[in-house]
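You will see chain A twice below: alongside chain B first, and alongside chain C after that.
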Partner chain A sequence: MFQLDVLIEDFFSILKVVPQTLLLAVIILILSLFMGGCLALIQRKKIPILFTIITVVQSFLRGTPNVVLLYLGYYSLPFIVQYIVSLMGIDFNPHQLDPVITVIVVFSISFSVFQSETIRGSLHSVERGQIEAAQSLGYGFFHTLWKVIIPQALVEALPDIMNSFLVIIKALSLAYLISVVDIFGQAKLLGAYNFSYIEAFVAAAFVYWILCSIFTLFINKFELRLRKGY
Partner chain B sequence: MFMEVSTHKMLLLKNLQISFNDEQVLKGINLTVNKGDVVTLIGPSGTGKTTLLRCINYLEKPDDGEITLGDVHLDYKSIRKKDILKIRRKTAMVFQQYNLFKHKTVIENVMEAQMVVQKKSKKAAYEKSMEELEKVGLIDKINAYPSQLSGGQQQRVSIARALAVEPEVILFDEPTSALDPELVGEVLKVIEAVAKSGITIVLVTHEMSFAQNISTKVVFMDKGKIVEEGTPTEIFNQSSNERTREFLNQFYTRKN
Partner chain C sequence: MDITFMLEILPQFLSVLPITLLIIVVSTICGFLLSVLVVAIRIKKVRLLNPIMGMYISFTRSTPILLQLFLIYYGLPVVLALMGIHINDMNPTTASIITLIIYNGAYMSEVVRPAYLAVERGQHEAADSLGFSPFKKLYRIIIPQVAPIALPGLGNAIIYLIHDTSLIFAIGVVDIMGLANIIISSNYGMNQIEIYLLIAIIYWIVSMLSEQMIKYLERRKQRLPYNGSTKEVA
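Presenting the complex of A and B:
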C-alpha cells in the first residue's frame, strides 16, 4: 500500500512551505530572545513589582501546554487588539486578525520564559574579573555589555538557543490547529488530499529531520569558530 | 632606586572608609601619592590592601571619604556615574588573575580600550599596542589567544593593555601572586621597567625584596588602617613600630 512516488511527491510539496515555516520560526526566535533578555535583566536587577509579576507569569507559562496557550491566544488576542486599537480611535474587525500574528505573539511569549533562563545562565558564565577589567579601563555600561559580556555569553548560550530554535520549528506544527499551514499542516493537507497519510507524514518527518540536521551541523561549525579563544 | 620625583600631588585619599556586611574593612585611610611615585602597600592578608586599591578606581564603593586624582576631586558620598568614568579613565589596573578578554587575541586585548574608551582610530590603536607589546616582549604573540599563553605572558599582556590607555596612575593588585614561581621574574622585570618610565604606580605585593627595590614609598597596613609609611629604608630597615617589625620578621623567617 505504501507508494514511494506519492512520498516523493509529498516531500517536494512539503519543501515549498519550509521557507515560511523557517521565517516564522526565526521571527519567534528573535522576539523570544529579545523578551527573554528583558526578563533576565528584570530578574537580575530585581526590579520590585515587575519581578513579582514576571515570576507569576513565568510559572503560569511554564505550567501550561502550548496548545492551550495557542487556543487561548486565538480566541482572545483579536479582541485584545480590537480594544487597544479602539483606544486610539481606530475601528478594527477582530476577525481580520491573521492567525499568523497570534502564533507569533503566543509562541514568542511562551518561549521567552525559556530564553530568559538560557540568557541568565550565559550571562552568569562571563567571569566577573573580565567585567571588572573593562570597568577599570573606563568602559561604560553599554560597552562592557556589547564588547565583553555579550560576545562571551553568546558562545555559552548558542547550543541552548539553537536547541530552542529546533523546538520552535517543531512546536509550529501546532499552528495548524489555528489554520496556519507549516510543514505539518502541509503534510496533513496532502494526506487528506491523496488519502495517503502515511506517505505524507513520513515525508514530513524527513523534512523535519533534514532541517534539524542541517542546522545542527551549521551551528556546530559556527560555535567552533566563536570558541577559538577557549 | 632613585628617580626624579616632583612634588606634584597625583592622588590624594582622605578618610576613606568601607564596610562589607557591617564589618569595617578600611577605617579611614589617608594617603598621598606624588607624581612619579611608586607606592607599595604591604601588610598581612585580609588587611584591606587590595580593597584600598580597588576603591581608587571605584571597583569597590567606599562609604565615606574623598579622592583627588589629578584634576578630579570627588566626595564618595555624592558620586555620580560620570565621575566614576572620569576616575577610571585616569587609572588602569593590573589584576592578580590577569583578567584578559578571553575571546580576543593579544593585540585585540590591548587595542580595544583605546578604540572604545579613547575613540582612537584602529591604526593608531594598533601602533600604540605594538609599541606597548614590544616593551613587554610579546611582539611574537600578538595573534595568540590568552588561553594559549603562560600566566606570566598573560600578565605581561595585561600590563601592556593597562599602559596602552596612558593612565595617570597604574594600579597593580598582587600581579605575581597567581603565577608559578619560575614566571614571577619576567613579570617583575616588566613592572620595574614601568616604574622606571616615571609613571605613577600604586602596587600591592607580597614580594618584599621587590617592594624594597622598586618603591619610592612603602605603606604598611594592618587591620584596615595605615600603620606606618616611609621610604623603603625607613620601613624595611629602620622601623621602630612593633607591628611593622613583627610582620617583616615573620616574612623573612618564612622565606629563609
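Presenting the complex of A and C:
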C-alpha cells in the first residue's frame, strides 16, 4: 500500500519547488518587516488618527485566520487594483492579476502586524540614553533611526524575525488554495497525478521538517553568537 | 458591496458555528491534557518515550497544520489497517479533531514546560521537607505558581487554534468555510467578497470574545495570591 520508490521520487520533485517557496517567503518577510516597522513607528509616535485606525486594523488582522484573508484578498484585490489603476487612466483587466501577487500582498499585510510587535519590543530594548546621546550630537530623526536605533534593535529582533520566517514558510502552504504552487501545493499535485496522496504528503512533511530543522539550527547558533557579544 | 445579502446569509453561518465551536472546545481540552502528559514524560525523562516526544514536538512544529490534516485524513486509516483495524470511511470531522489535538498537544506542551521549569527548585524542596504528598505538592504548591505563567501562552494557543479551525474545510468538513464554498457555488460565483468579509467578521468576534475570556481568567488568577493559600496549608 505504501510505496517507498514513489516517496523518494516525490521527495526529489518537491525539492525542486523549495527555492521558489523560499524566495516567496523572503519577499513576504522583507515587505512585512518594512510595513511592521512603519506600524511600530506610528504607534510609538502616537500619530492621532492613524493610531486609532491601526489599532482597529491590527485587532481585525489578529482576529481573522489567514485563509479567510487570503480568499478575501483573492476576490477583492483585482478590483481594488483596477480601481487604483483606472484613476491613473490605464485600462486593466482584473482577471489578469497573478495570484502570486495576491499571496504576497495578503501575507505581507497580515504578518506586518506580528512583525510590528517584534519591532516594538526590540525598539524598547534600545536604551533611552542612546537616543538622547544621538540627539545631543545633533543627529536628525532619520539619522538617529538609521545609525543608532536600527542597528541595535535589529540584533535584538533577529531571532524573532527568523522565527517568523519559518511561520511564513508554513503559512505559504495555504497558497495552493488560490493556485500558487509551493511545497504543499506540489505535494498535492503529485498526489493527484499518481493517486498516491500519502507518499506525496509524507515526502512534503520530510521536506518541511528538514528545512525547519536547518533553520532552527542556524537560529540557535546565531543567537548564541549574539549573546556572547554582550 | 451588498449589505442586505450579508445579513441574509448570516443565519446560515450562525447555524454551522456550533460545529466550529465544538471542535475548538474538544481540541482545546484534549490538547491540553495531552500536553500535560507530554510535559510529564519530558520532565520525568521517561526512557524511550522522551526522545519520541522530542521528535513529535519538532515534527508538529515544523510542518504546516494543513499538511498534518491531510496526513491524518489519508494516512491514519492506512496505519490503523496495518494494526488490523479497518476503517472504510474516515470522517473528516474526526480527522480534524484528532489533528488539532495532536498539534495542540505539542504546541501547549512548549508553553507548559517552561512555566513548570520556572518554578524554583526550592519550592519543591520546601514542600517535600514539610511532608507534602506528591499529589498535594502539585496541587497546592506547583500548579498555583505554574498557572499565572502559562495562562498568556495558553491564551495565544487557543487563538491560534481558532484560526486553525478555518482550515478543516480543506478535507471536507462543512464548517463556516465549507459553507462559504457551498454558497458560492450555488450562487454561480457571485458575492464572494461579501461572504468572506462576513466570515472574517465572525472569526474576529469569536477571537475577541475568547481573548476577553482569557484576560478575565488572568485577572482572577492574579487576585488569587498563591502565598496566601500556602500559608493556610502550612
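As a working rule, the second predicted complex is superposed on the first by the 219 of 230 C-alpha atoms of A that agree within 3 Å, B and C clash if a C-alpha of one lies under 4 Å from a C-alpha of the other, contacts with A are read in each partner's own complex, and residues count from 1 in each chain.
FYI, a contact is a pair of C-beta atoms (placed from the backbone, for glycine too) under 8 Å apart; a residue touches a chain by one contact, two chains touch by 3 or more.
All figures in this text were calculated on a predicted structure; none of them were measured in a lab.
Participant: Should A:Val202 be classified as contacting the first partner (chain B), the second (chain C), both, or neither?
Facilitator: Touch partner of A:Val202: chain C, not chain B.
Participant: Given the superposition on chain A, which partner contacts more residues in chain A: chain B or chain C?
Facilitator: Tallying touched residues of chain A, the top partner is C.
Participant: Go through the superposed model and pick first if A:Pro48 touches only chain B, second if only chain C, both, or neither.
Facilitator: A:Pro48 sits against neither chain B nor chain C.
Participant: Which partner does A:Ala133 contact after superposing on A: first (chain B), second (chain C), both, neither?
Facilitator: A:Ala133 sits against chain B, while chain C stays out of touch.
Participant: Between chain B (first) and chain C (second), which, if any, makes contact with A:Val148: first, second, both or neither?
Facilitator: first
Participant: Name the contact category of A:Pro19: first (chain B only), second (chain C only), both, or neither.
Facilitator: Touch partners of A:Pro19: none, neither chain B nor chain C.
Participant: Shared contact residues on chain A, chain B side and chain C side combined as an intersection?
Facilitator: none
Participant: Considering the complex alone, what residue numbers of chain A touch chain B?
Facilitator: Against chain B, the touching part of chain A is residues 127, 129-130, 132-140, 143, 147-148, 151-152, 155, 226, 228-230.
Participant: Residues of chain A touching chain C in their complex?
Facilitator: For this pair, the touching residues of chain A are 1-2, 59-60, 62-69, 71-72, 75-76, 166, 170-171, 173-174, 177, 184, 187-188, 197-198, 201-202, 204-205, 208-209, 211-213, 216.
Participant: Along chain C, where are the residues that touch chain A in the complex?
Facilitator: Those in contact with chain A are residues 58-59, 61-68, 70-71, 74-75, 78, 81, 159, 162-167, 170, 177, 180, 192-193, 196-197, 199-200, 203-208.
Participant: What residues of chain B sit close enough to touch chain A in their complex?
Facilitator: Answer in residue numbers: 57, 59, 85, 88-89, 91-93, 95, 97, 99-105, 112-113, 116-117, 145-147, 158, 161-162, 165, 171.
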